[in-house]
Each structure stands twice: as structure tokens, then as C-alpha cells.
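By written order: A, B, C, D and E. Residues from 1 in each chain.
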């Protein structure tokens, strides 16, 4: 499978209006690993999964833990919901940028018709001094009509306020389950493109998984392609065009795997990583240690100029 | 199961905007047991269950009964719906704070897709001189999309008017029934976290029940944990972070049990109790008596500084 | 079954804002039987049932018939929908008060998910010089979420304009059918309470029917209670608290029964009756006759001071 | 079956606000057959049925055909949707009044839950110089809640702008199919009343069909009545009260039948006819001819004074 | 089957308000083949199908590819979604007109209830300097109620801003599948008419396919007609009235077929073609070549004066 001959994506920042550019500059150059790369700390698992993710490291149940980690170990930004931002961000304002996630849901009902409604607004983000908003889009869900319509309002508010828009682009829903599920290259690639076409400045993707059985259920030509995971990521990065791409780690893996995948993501054109449980499910010192290693890996392997 | 090593939650009041702080101060220090604790009287059973709860004490059918009890026996606040607040609160204004519950529903249809729409607004609460609004959130209901979206508007109005937000956080719905139901530690713990993340200042929870059979159906690690009820409450209190937690009594129990559970709640970090039927299903003198004992228990066992 | 020991409900009028009080005063004291009682003429059957109710007395198909009856025989008010109010009320303005019913539906689909959307607004009522608005609430319907939300807007507009709110509180829907149906004491009692809690100034109820078989399906303690119809009505009146209660006659019955039930309603604390078909399905003179008898009965048996 | 003894409906025009009266005057007296009668040309079949209705007379596919016919043969008004009004009415403005139909749908899905959403507004009608708006109401559809709510806004806008409201009142939907279907006297009579009660100034009905088998399925007393078609029409006219009634021709019939039914409609109290396919499915000269005959019939048999 | 005797459709431009006329003039005369014809480049496949359409020519995954093609090879306009317009159109502003497509969806769920919600607004189009907006209408979908209502707002905004409205009129949905599916002459003809009646200035249609088996399932008279594909197109053009019609190519075909169909479209009264994959799935030089041939064909065969 030949890749694009047009070379790297053109600069994102150059196309942005001043407000978006000023805010993204902080994430890309003033905090975290810098060099135009991103290291994001998500702490939305309390709503998306419930407190169960906190038990491996009880200290992590207290939101202070993640805020302190993000600020003291030097993340590019912390991403959380309105309740935590309101009650905890004040003490960390100026010490780490905030991405306000403005929609979410529990995982108690199944994901057949996945849809996350807004629980906060872009205006809330402006008021709290956030440098970006986060929106979860369930690409391909039977509820996509409501989702895309809701995203329209968010995107327009972002344009109005110069607020960067980070889209968590998740393939999801009953219809997708018949086409190989939510982890295939096909599904992630589609999600990357959708996010860009809907106006994302940064796209958050899950790692595409290469699995011949599932890939066989995807539409042509994906069902016949033979790509490595790194090639798959590279395709996804290209599908997102000028929007920057960050990839997540998912549930906890061992350190070598974590750093290895970080390197692969960056070499495939990713602009950074978003690591939550892999970091804050560790005790403080172990967490600080691994963050240091991730930052070094990210800043030494970043290839893309934003 | 080890608990958090970060110690007690930090102060809620310190993080609040002036309006919220002024209003909560009245509930926490000027009325009820004081000392930063809460004793709340709910009288929303007429809508949530119908008049059937009033038959054990016919006098309780007249809303005057609960308003008089709340004012004369010294509750921190009375919580009721718009119709009662409009027609009865006038005579008690200044004598007991009001929490206006602004959504609700009958229990005639089942709870498979539980959702309570608004029947009043935060502005109604402001107009009536209420010191907080109450909102029932059905955590995990298939209707959560509509619920969370509606709550967003309420939360934003609370921010706008400096009105404290009390969330009745109830796990509910068909999907939950397959995961152990609405009374497990898992379910209550999730509800506590959701309420905080959605912006609650006070979270109202039902008592988690320890039941190995039901707990076995909950997601890991809850299905393998071995906690006492008090530990479960403590976890829930921690999940709510800086938001204060009050627990309810449910249907009527005997006095020893009631006072015992009150003590347990307070020692687990609860900020108070919300007792309705356990109080107003008694004749006047018996009701006043038990309230006095509850208040003593609450104020002598409160550990958390709000 | 012992009834409340608190005695009669307190005055409604005393709690009302000036606009509501001025308007209700006209219905309670200046028109109809007076003495604080109500005789209401509903002419919404054309929409709720279709024209079939008019065939027993063909003259009744012409809305003039009901308007003339209401004005000339001296009703407290006539209740109708927007189309009739707009095209016919002009000739009767000042001669009989108007209650504008602002929602409704046909009975062509079944009532499993009963819900009546608005077809007029409180502002329409103000513009037409109405003295109250009428709203049909289907208590316990699976569509209650939409119904209660809609009622909220109506109630708030009533507060804004000083317009009395009359709630037609009808237990209805598939879920209720499993709990004894829509005519039980349980169902009507719940409806009475809901209407008051949602902000009704006047509650319109259907007659509770005592039927051991159906009552056996209702929740405790209703399923074990042994009450007469008059006691049941008295309970419902108490459940409505300060809101006034009027009861309807339903389909046509004989004169003795009609007057007997009128007396029973008034003695049980009802504030009046709302009789449509029982009156206008008669020829003019017969209608005027029976109205006279009803008015005498109502004004001679009214016990409640509004 | 005895008919009303109150005689003819009272004047509609006398009850109308000046704007409505001025506009209706043009339709009733200044264009078409005059004398207070109506001859309306509907050209909404392109959306309601698709272009298939145009094949019998290919010239009719061009909207010019209907506009020219309406203007040159002298209709009271032409009724069409926004797209045609915008692109074709300009050339005929002043030569024939316009009724802007503001909702509609295709007939591709079945009618089980029939509902036509708005595709234009009353303001559009004002801007285009229309003399009335047309709204299709599906009486008895399971979607009636949405329909009636939508009609409310339209009706209020009509009141605001002095715009006459013509309701196409069509019994429809799965529930009705079990009660004899959409063509029975019962169904049409109900529709006539609904339209008037919802605020129609003119009601457009389909011809009631007398069919003992279907009538047997309708509610009492319709299932036992023995009426002629003319009597049925007369009942429907009475059910519409002060609102004027026009009846449609439906698919094409022969000339004698067409003129015969026109006479019957007018003698039963109808205020006119609305004939589309019966007219424009003919070649130009034949169309002009039959229009002349219809106009003569209408103006010579009109009995009702509007 | 005889065609209309009224001859060609009258001028569209003459009926348009100045803003629409000024903008359409650019597309029809200043860019592309000129002479009042249209050659449009759609690049919405990334959202409607996902990136899979880009693999035949990897360079096409980069939106630069289509923008450069459109500008340098001389299209009348490029049609894309908000994300691409925002991030890529800036470099091509003034070099090729923009049609902002303002709704869309993925093809992951099936099309049984097809509906595309808005992801951008007419105001977005104005702000970006677009010369038209594109809207996808699923004619006959069970979701048509929501679709037509949404289109109303778009159409009104287009009127407000003088923005031409291009409707992608696609027959779709479960109900249609029983009537021969989405490619029959019946279905496309209906779609053409709907688009015009809903206010389209330009209608984008897919090619009707003549297939006796499917045509046999369509309503009369379509099921009995014997038309060539060119006659079918001509009918569709007439059904769209004064609105201009462009047809699409669909998936890739060989060059002779492509040019042949282009000629047929233009001779049947089409105002142009909209070719995406048939063009940009080729390498740069091959793409430029075929565009040149298409433009020559279009401008040499255009018959209709807009």
C-alpha cells in the first residue's frame, strides 16, 4: 500500500485565527514536552467508567492527585469535566493548561446508540480560563444525527471565542459492530477524517489494532489491505489533514510497551500522546518517573511541525 | 482494600463563589445541628410515591405538618417541589431554609428509562428565597443523555445566580439492573462521582447495601472487594471529592437503627442526613423527640469541615 | 381509616398573588352559585371525543348553545379551547368568565402514552380576557417527562401574568393499567397531589370509583383500605392541599344521582362541580332547570372557604 | 337523524380581526365566483404524490400551467408550497390570490404516523403577499402531539399578522384504521370540529363516504346512523361552526359527477370547492371550460353567507 | 410518453433576488465551462463514505489535491464540508468558488431512516465567502419530518442572506425500498420535484437507472412507462422547473462512458455535472486531461439558458 506522495501535512497553526493560535501555542510550546508536541492527561474516567479505575492507586481518587501530577511533572494540559475544573482547577491555574471536556456519559448502558450530551459549554471553558475544549464524537453511532448537530454548536462557539477544539473521535455503535468493530484501522481512519471535516483542531484517537479477522469485515479496500500498525497510524494522521493527532494508551501496559508505542506514534506523524491510567495508576514517584521518560521520548521523536 | 492516603477532602466552601457560600453557610451553620453539618427534611414523596406515604400519620398529608416540623424542630432546610413552596413556604420564610427541588416524576411507570424533567427553574428558586436547588439525576439510565443535558442548564443557572446545587444522585435504569442493581456499593460510588463531576455542591446518596450476590454482578474490582458498609460510605464520600455528602434513610426503621446509621454516616465523612419518612411518619411529639436525638448525634459525630 | 386531624385546608386566596386572586374572585364570588363555590361548564368534548357527544341534543353542536347556557343560566365559568374562544367568546365577554383550555388531543389513538400538547398559550388567555387557564396533565403516563416539562412553562407563565391555573389531573397510561386503572381512589388521590405539587390553583378530578377488584391491584395501603366514595373524595381534597378541588360528572346520569353526587362532593370538601354533558345534552329548558338545581345544591352545601 | 335547530352558522367575517377580514374578502368577493364562495386551485400534488399526477396532461408539470389557469380562468386563489410561490408567483401577483401551504410531506412512507412539518412560515406568506396560509393537520395521527403543537405556533403567527388560516383537516393514522378509516362520516366530522377548535378560518375536508361496512367500525352513534352523503356534509359543515368549509374532489371523476357533487356541497352549506386534478389534468381549453361550469354552479348554489 | 408542450423552463436568474443572482453568476459564467453551465467538484466522500475512496489515488487523501484541481483545472465550484473549508479554502479563495455543504453523515449505520443533520450554517457560508450552500435532502425517508423542518431554516437563511441553495436530492429510506429503490426514474423524478418545491435553486440528482424489474415496483404510471435514460433525465429536469439540474457520476466509469453521459445530461436539459471520484481518483495529469474534455463537452452541449 503506497502512501501519499504529497508529503507531510501543512501547518495547522498558520491556518488558525488568532485566539486559537494563542491558546494552542501554550499547549504546544509553553507546557509539556514542547517542540510542538503534546502530552495530555485525561481525568474523565470517573464519569466514563466510574471510580473503579482509581482502586489500583487509591490516591488517584482525589482529583488533587491528577492536577498535581499534571502541574508538577509538566504535562501540556489536563483534560477534565466541569465539576472537577470548577472545584479543583483554581489552585493550578497558570501552572498547567486546562482542556475542558464538555460532554460525557456513564458506561452503564451499552454503546449501541452511543451519544454524549453536553454538560458544559464553550463559554464555561472561556470563563474557567481553559485553553481548549474537548468533545467526544461517536463516529458511526445510530445517534450520529444528534451528535453532529450538537457538535455544530460547539464548533461555532469555538470559532466565536477563538477556542481550540479537540475531538475525541471514537468509532462506536451497533452498526459498526457488524463492520469489524471500533478498533479496526478502517474505523479509526474514518473517525480521524470525520473529526477533521467537522472542524477539529486536534483529534484524539485510540490505537488502531491490526486483526485480520475483524479487518476482514471492514469495507473494501480495508478488508484486503496489509498494513503494519505504524502504517495504519500514519494513514490516520493523513486522514486528519491539518488537524493534529494524539493517540491514547488505553488500559495499563508495561513500560517498554508504553514507550515503544509512544515512539511509534510520534514517528508515524502523531503530535503527541494522551496518557491517563498508564500514569496516574502509579504511586507518585513512579508516575513522575514514567512521565519524564514519556516526555523525553515524545520530544526526541516528534517529526511533525504544527 | 486500602483507602486513600491523601486524608480528608479539602474545604468546599473555600472554592465557592460568594453567592453559593453565603447560602450554604445558612444551612451548615445557622440552621439545623450546625457545626458544618446538615439535617434535611425531604417532602417530595407526594410526587415521587403519591400520598400513600402519608397514611401512617394522616396529619402528614397536610404540607403544614412538614413545614412546621422543619421550622420548629430546627432542620437545616426543607426540600420540596414548586407547588408546595409557592403555597406553603411563605409562612415559614426566614424560619427554615428552603431547598427547591426542581425536577421529579411519579413512580407509576417503571424506572427502566428513568428521567425527571424540570418542573421549576433556578430562577423560581431565587424568586422564592430558596438557599439551594435540588436536582434528581438518574445515573446510568438509558435516558442519561437528556438528563445530563438538562442538568447542564441547571448547573449553569446555579453558577449565574450563586445558588448551591444539591444533586440527588440515584443509580437507576434497565442497564444497571444487569450489573447488580441500584443499591450496590458500585452503583452508589459511581453516582457519587458523577454528581461531583457534573457540578454538585452537595450530593444526596442512598445507603449502599453490602450484598455478595448483587456485588458479584458489578464490574471489577467491586465484584471482588470485601468492604463493610461504613467503608463503602467512606469510599463514596471520597468519590464525591469536595462536594459534601448526605445520606438518606429510606423507608422507616427503628430508632436504634436510625441513630446508629446516623453515627456511621457521620464517622465515614458524611456531612449529614436527609430524613423524611423516618421523621414525619410519627406523631408530632414523637417526631420532635427523634429529631432532637438525630441532631445531637449528627453534631456530636461530624468529622468533616466543609 | 382515620382522616387528618389538622382539620380543613387553609385559605387558598390568602396565598395568591394579586392577579390570581382578582381573577379567581370573579369565578368564586361574582359568577355562578357564589359563596366561594364553582360551577364550571366544559365544552372541550368536540376535540377530546369528537362531535359524537352532540348528537343526543343536536342544538349542542353549535358552540352558541354552551356559551348561551353558561351566560344565561349563570355558570361560574365556561372552559373551552382556543378556536371556540376566539370565534364565540366575544359575544359573551363580561357575561361569563372564560377558562381557556390550552392543551388537548383527540381520543383516536389509545391512551397508552397519553400526552396533550399545547394548542394555545397563557398569553392567548390574557389577550382573550380569560380568568384562568386549563391544562390537562396525564398523571403517570409514560409521556410524563414531556408533560411535566410543558406544564412548567405554563405554570411559570401563570405566575408571570397572575393567571389562575386549573389542572385537569387525569391518571392515565399503560403503566397505570396494571395498577388498577385510572378510576381508583389510589389513582385519583395521586393525581390530586401531583396537581397541587405542580402548582395548580384548582384541581379538576374525575370521581374516584370504589371497586374491590381494581383496588386490589393498587399499591399499599390503598389495596387494603376500606373507604366509602365520600371518604375517598375527602382524601383527594386533602391531598390537593390549598388547591381547590372540583369534580366532574362524566357521561350522563339521572337527575337524582347527579344532585346526590353534587351534594356528596361538596360535603367532602369539594369546591364545586364541572358538568358538561349532563347539562348541555338536554334541551334548553331542561338544561336551565337542572342548572338551577345544581347551583342550589352547590351553594347550600359548600363547606370549604377558599 | 335530526339536524341542529339553531339554523345556519353565524357570520365568520364579523368575528375576524381586520387583517384576516381584509384578506379573506379578496378570496370571497374579489376573485373567483364571488358571492362569498370559494374556488381554490391546489397545486401541492408534486410534493404530496410526486410528479405522477402530471402525466395525464404533460403541460401540467410546468407550474406555469396552474398559475395561468388560476389567474386567467378566475380562481379565488391558488394554493402551493414555498418553492413554487417563490419562483412563479411573482408573474401572477395581483392577478390571483395566493394561499401559501406551509407544511407537507411525500407519500413514500406510509401514513401510520402521518405528520407534516413546516417548510415555510407565516412570515414567508406575508413577505410573498399571500392572502392566507394553508396547514395540513392529520387528525387522530399518533403524531398528533407534535402536529397540534406546531399548529399552535402557526395559529399564533396568523393572529399576529392578520393572516387567515386554512386547515386541510385530514383524518389519518394507524389508530384510525381500526375505527373505519379516513373517509367515514365519523372521521371527517371529527376533523371538521378539530380544525375549527384549533383556530381554522377555513376548513378543507375530503368528501365523507357512506360505506356501511366501514361505518360499522366507527364509535356510537355514527355506527348506527343512517345519513345520506349530503346530510353527512351538512353535519360536517355544522361541526366546523363559524369556520367556512370547502370540499375537495380527489382524483379525477367525470363532469356530471363533478358538477353534481359541487352542487351538493354548496347546498349542504359548503362555502366552496377546491379542485386540482379534476381541472389541470385537462388540456387548456377543456380546463377553462370546466372551470367556467364549476364557477357557475358554485355561485348559483351558494347558500351560506360568510 | 409525450413530453411537455410548454417547451423549455423559463429563466431561473430572472426570478432571483440580487444576492443569489450575483453569486450564481460567478458559478455559471465566471468560473468553470461558463455559458451558464456548471462543473462542480464534490469532496464530501471523506465524511459520507470515509477515506476509502482516496486509496485508488493516495494523493487525493490530502484536501490540497482537490482544491488545487478545482482551482487550476477550472471548476465552476468546489463543494465541501466546514472542516475542510475552514482549514484549506483560505489558500484558494478567489481562485475557485466554494459551495459549503452544511449537512452530512457517515454511511456506517444503514439508510433505512436516512437523515443528515446540520454541521454548519448559512452564516458560516457567508463568513467563509462561499457562493452557495449545499444541503442533502433524503426524499421519502421515514425521517423526512425532521429533514424538511431543518431545510426550512436553511432555506429561510438563504433568502435572508441572498445565498443560492443547492439541494442534493436523494431518494432514500426503508419505505422507498419497497417501491423500486433509490435509483428508479420514479424516485429521482420525485426527488427533483421535491427539491424545487422546497426552494432549491440548483438540484443535484443521481442518474436515473432504467431497470424494468425495479420500475415494475414503482407507482403508476411509472411502472408502465417505457422511457430511455435520456427521456427520464429530461422529465426530471422538467420536474425541477426553474431550478437548475446537475447530475452526478457516482463511482468511477471509463472515459467514453463519462463523456457520453455528460453529453446526454446536457442534451436532456441539464445545467451541468458534478464529478468527484471520476476525476480525483486519477493522477494529476490524467485528472487535468479528463476535466478539460468534460468542460469542452459541457460547454459545447449546454442547451439551457439559466
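Going forward, a contact is a pair of C-beta atoms (placed from the backbone, for glycine too) under 8 Å apart; a residue touches a chain by one contact, two chains touch by 3 or more.
All values reported here derive from a predicted model rather than from experimental measurement.
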Chains adjacent to chain B and to chain E under the stated definition are A
Numbering shared by both copies at the chain D-chain C contact, with half separating same from different: different
Determine the centre-to-centre distance between chain A and chain E, using the mean Cα coordinates as centres, and give it in whole Å. 35
In whole angstrom, the CA-centroid distance of chain A from chain C equals 57
I need the residues of chain E touching at least two other chains; which ones are they? 146
Touch graph of the chains shown: is it line, ring, star, complete or other? ring
For a test of understanding, state which residues of chain C touch chain D in their complex under the given definition. 44, 46-47, 50-52, 55, 58-59, 61-65, 81-84, 86-88, 90, 104-106, 108-110, 115-121, 124, 143, 146
Sort out for me which residues of chain A touch chain E in the complex. 1-6, 9-10, 12, 15, 139-142, 144-146, 148-149, 151-152, 155-156, 159, 171, 173, 175-176, 179, 186, 189-190, 192-200, 219-222, 235, 238-239, 241-243
